[in-house]
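Input: a single structure, listed below in structure tokens.
When the chains are written out, they are named A, B, C and D in that same order, and each has its own residue count from 1.
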């Protein structure tokens, strides 16, 4: 039982606070022989990096990953994993601790301030300490390795809803996702969200969002019945992301509303003689085990509780106070949750892949 | 990594197939000194027991629990736990294996038949084998012990939606829940669901449902940040129930649609000088840690895929076939998921309670 | 963290007390497709069974194993595993609880009576309850399955020392082991031990022993560096056996006394062009990873503390008392530890085998 | 299953290679409110630090620990833990990678070179990579925190045997241990070992050793029956140290040689009315649970296989070669194992302490 570790064979332990000197992770169980470059890893980090548009926090961090162990450098300059734990470190540079001094003893509504104090009796209040979404940088680094574990696997995500504005799924175009600041697959929705979020941002308010993650080229047979269902582990990974309050697989809550005929995916024999599914309401998972279809998961992110307006609260001394978040502001934290969701799904799939194939594939 | 175990300090391992001689569980980590009677345990079993109304499967099982270890009997006749593992066994009696022979090599759409075969290359097809919801009887037995771990904790659940028929939350009355065959808290909805499900049942079809679980008297401070968030562990437990495709805490997916001002629960000082929350959008959990408010979780159950109508599928030999489930039929498996959901939430809370308080409270 | 479970991918959970209705285990992670018969399993049980000579306890138990789940019966009558958890149950029949009533509140020196009471505040005193060596019957059953996991693996053990009487290793003959009541590989030592143990037995005393376990046909590459060293996991498994106070691999404590030149096993290229070791001081493990040589482990069993002579002790009420064990008596519990040691080593090796090869070998 | 993590509630994950930029650990589960200084931590590091006498490796490392997370600095300058993971980093400075280029493809007898290659197909050969004893620096840092978890606990160790030269236990004087380069508690043995090791060192050879660890002020009741026995977890922790081939608790292998009367510790009522033991053959553990007496464990370290003399071996290309270790040389690695053994025992005890008391003691 490790509160800061997830996964079993592809096992990620993260550490670090928002305003400490650094944060990072140890990826234990990474198979030997995976090749990657720091630039390749950085590609994923940059997707999550703060300060990239006016719709996300203006904190400036390079989020450069240092790989401290578990690899050897090849003549090509690439790194190759050796099977030993990969330690990765990301320095904190733009910390501005003074911004937070006012809330050292005040509980921001909707934040973990109160519950950390109840649980631990001590709390690193600077920037939210350990409960800061900054912790997720380490997850994205780990996800960069996880993506390499399952051959040819592609894991990508998109924002499908901000507040009550949902995309038109008929307009879904993956090539749009990286072409706008929202990871939005529906080009027509982009200006709508821009206007909407500008209003939210100027009001010092915030709003929630829904993200959809799709994993392709996941072999059939991953997962396990009963208490290590693939959907269970994917959902647990997504629920561990800050501010996530709901998760679903395939039709999800929508499955409750339809009949068994509508929901159960029928099968036929495909042109290659192999079974094919005629639909994917199951989101690629039956009985906790992957079917070979794309894995589809969605998760809901609540509006950040750091808003620039007064809220009623209490302090650690038992006084009633009004709290208004200062410091930097994220009108929709759901946006930056897109690469984090990808990383967490990739990690779950890498983990289950290794459970079936073993940690070192070299023995015959 | 144990695929048939859940929990860390309150640790449940289940075993058994639908049509084997028995099924059961081992509860490891049950603290010493818990007192209970077999009758008390049976109360929870009876809530889940099949055959109690025309809306659930007609399989007849007594579901009597035998407690084989981990307890001593007191003079009062009650059992008291000793801290060693509690093994509980439930015999299968009404098995009718012949009902299933036709589908030994056919994959029922929406079932785990195909994925089990892909994964294991062998499958106990009788009644779904290990993937049968019958496995959940063992969870309810374990939940009966879990309820005793956290002092005064009350965990109860209700069905809030069948198909697209949702209850009116204004009519919520816990006393109604055990007074109708649906665990419905809204008396006015009961006749609506009766008519609706009769239609479904007679059509040989099925429909999904949504269940809400509420846990009261959960002390503040349970849970852990990051990868053992209380909401994460509750959701993982619920996602492990057969046919569950979505889970949410507090406002859940609804939180995505509202603003930070609307969603974050404000605080004041209560009459006793202690902090109180003015609302519970968080579902009793902030930053992965309980606030002391009721824990509120919901989960969506898909319509059972065992329907009495022909569906297109394939068999293990690569033939296209039509499959129609014979055997007994559950028009809405969501109904019997109510006591299972309670059990899984109780287990998650017992587990986290022990992580904070330790497994044996006797040392000073 | 499960106190009654061991192993990670081949995962064994045991339950049961000496004088409860039954004891057993759940083996989770057993790969699908293993074939075995109840008779084959019983062969190992019978090696451990009590009452087989005057040198072990006279309790009479059939120790018949019932396999309750995780298997299907083939037409040949053999059982084949399906990949789901295998639950095995052994009934207790010859319990004689009254023998133990006198020591309900008295702490037998050298037993776990005092520490269980300190820890749990309650104790099943009948026959030692959970701390009875009877629990090990479940391990032997699990070991019977573990033996099937690694192809061609042979795990066998022998008693090499009783008290200070050690065998002559030059006389080692495996074929002798099952030909005497001591599992002794040195035929010349058998009469010596008979006389010695008769004296011990008649004096109501007891004596310790050392057991050596050898596993052959273990492929090179099993194990893991640092905290899951193969020697570490083997030793942990052996130390978990009741009354074991020391464990060693290869030269063990003897390695402390010799030079690096003497201890390090040199290598050459064998006739088949593959590396061969010229000695096996390492006991088949280097850096925590198997070399392909036989795995050699030894463990020391203390003399049982159940002796028929008065010993000074205290009771739960704070009185000084004299305690003399009544009930049945094992002059050398080390004898019956031989099949238990085999089982625990087999389980460790099966577990590590699966970590490398994956839990389901069917996917390509 | 994490190959580079140990412990359950006090959970240590280490990372790093001998010749990478750094190594370190993440301690997860450290309770909040522990106070320590970097100097206090460094005290333990310095005991293990290389280059402190002519009897250990001449590598020069400062082994300064940087604490990167999980703490806040108090006005006094002390650090206080917050309950979040403590990441500690130690830079490698004196690496001399060129020393090792010759053995990149040659297998040093007695080393993990061959087995790493078999398992992973790739190996960081520089200084032994991950299998270097340099990894243990991270353990000593973790042990520095573990010592603070159990109130008033003292864990200390001494070297009791080098080669076949054993100390006279009658001369045991803890105050001598830090007064000589061997951590020897017997002042009379020091000159004997000096002469002996000088001979070994000059011959380019090496020799093994035995270390005894004693933990005092360990409360009764720690540990767990069956598969998390306190002795089992201590032994597993000690067996995970490089080059350890045997472990024992209390009388250990010696218990095999004596009678039940001699071995079982009798009890009486002490002057304060509480039970006292009249001897400690059990090494402070009965039935896997601490008795309140000092915990006594011993472990055997094999002679290092890095010797300056030619040994027969093979290379990765299938050639027979002679291998002679160059680089720096440790004639008796057992010496530096003394502080490592202390750290590993402290970690095991901290872990079990938290299992009983819970991870956060603040809730009432």
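Keep this in mind: contacts are C-beta pairs under 8 Å (C-beta built on N, C-alpha and C of every residue); 3 or more make two chains touch, one makes a residue touch a chain.
All figures in this text were calculated on a predicted structure; none of them were measured in a lab.
Novice: What's the farthest chain from chain D if centres are computed as the mean of the Cα atoms?
Specialist: Measuring from the centre of chain D, the most distant chain centre belongs to B.
Novice: Counting C-beta pairs in contact, does A-D beat A-C or the other way around?
Specialist: If we tally the C-beta pairs in contact for A-D and A-C, the bigger total goes to A-D.
Novice: State, to the nearest whole Å, the distance from the C-alpha centre of chain A to the C-alpha centre of chain D.
Specialist: Taking the average C-alpha coordinate of chain A and of chain D, the gap between them is 38 Å.
Novice: So how far apart, in whole Å, are chain C and chain D when each is placed at the average of its C-alpha atoms?
Specialist: 27
Novice: Between chain A and chain C, what is the gap in Å from one C-alpha centre to the other?
Specialist: 45
Novice: Listing for chain D: what residues touch at least two other chains?
Specialist: 1-5, 8-9, 14, 84, 118-119, 130, 221, 224-225, 355-356, 360, 362-363
Novice: Going by the contact rule at the top, pick out the chain D residues touching chain A in the complex.
Specialist: Residue list for chain D touching chain A: 1-5, 8-9, 11, 13-17, 20-24, 26, 28-29, 32-33, 66, 68-70, 72, 80, 82-87, 89, 118-124, 129-130, 360, 362-363.
Novice: Which bits of chain D are touching chain B when the two form their complex?
Specialist: 1, 9, 84, 219, 221, 224-225, 354-360, 362-363
Novice: Inside the complex, what are the residues of chain C that reach chain D?
Specialist: 1-6, 8-9, 14, 107, 109-112, 114-116, 118-119, 130-131, 135, 161, 163-164, 200, 205-210, 220-221, 223-229, 231-233, 235-236, 239-240, 242, 245-253, 255-269, 273-275, 278, 282-283, 285-292, 300-307, 309, 311-314, 318-320, 334, 355-356
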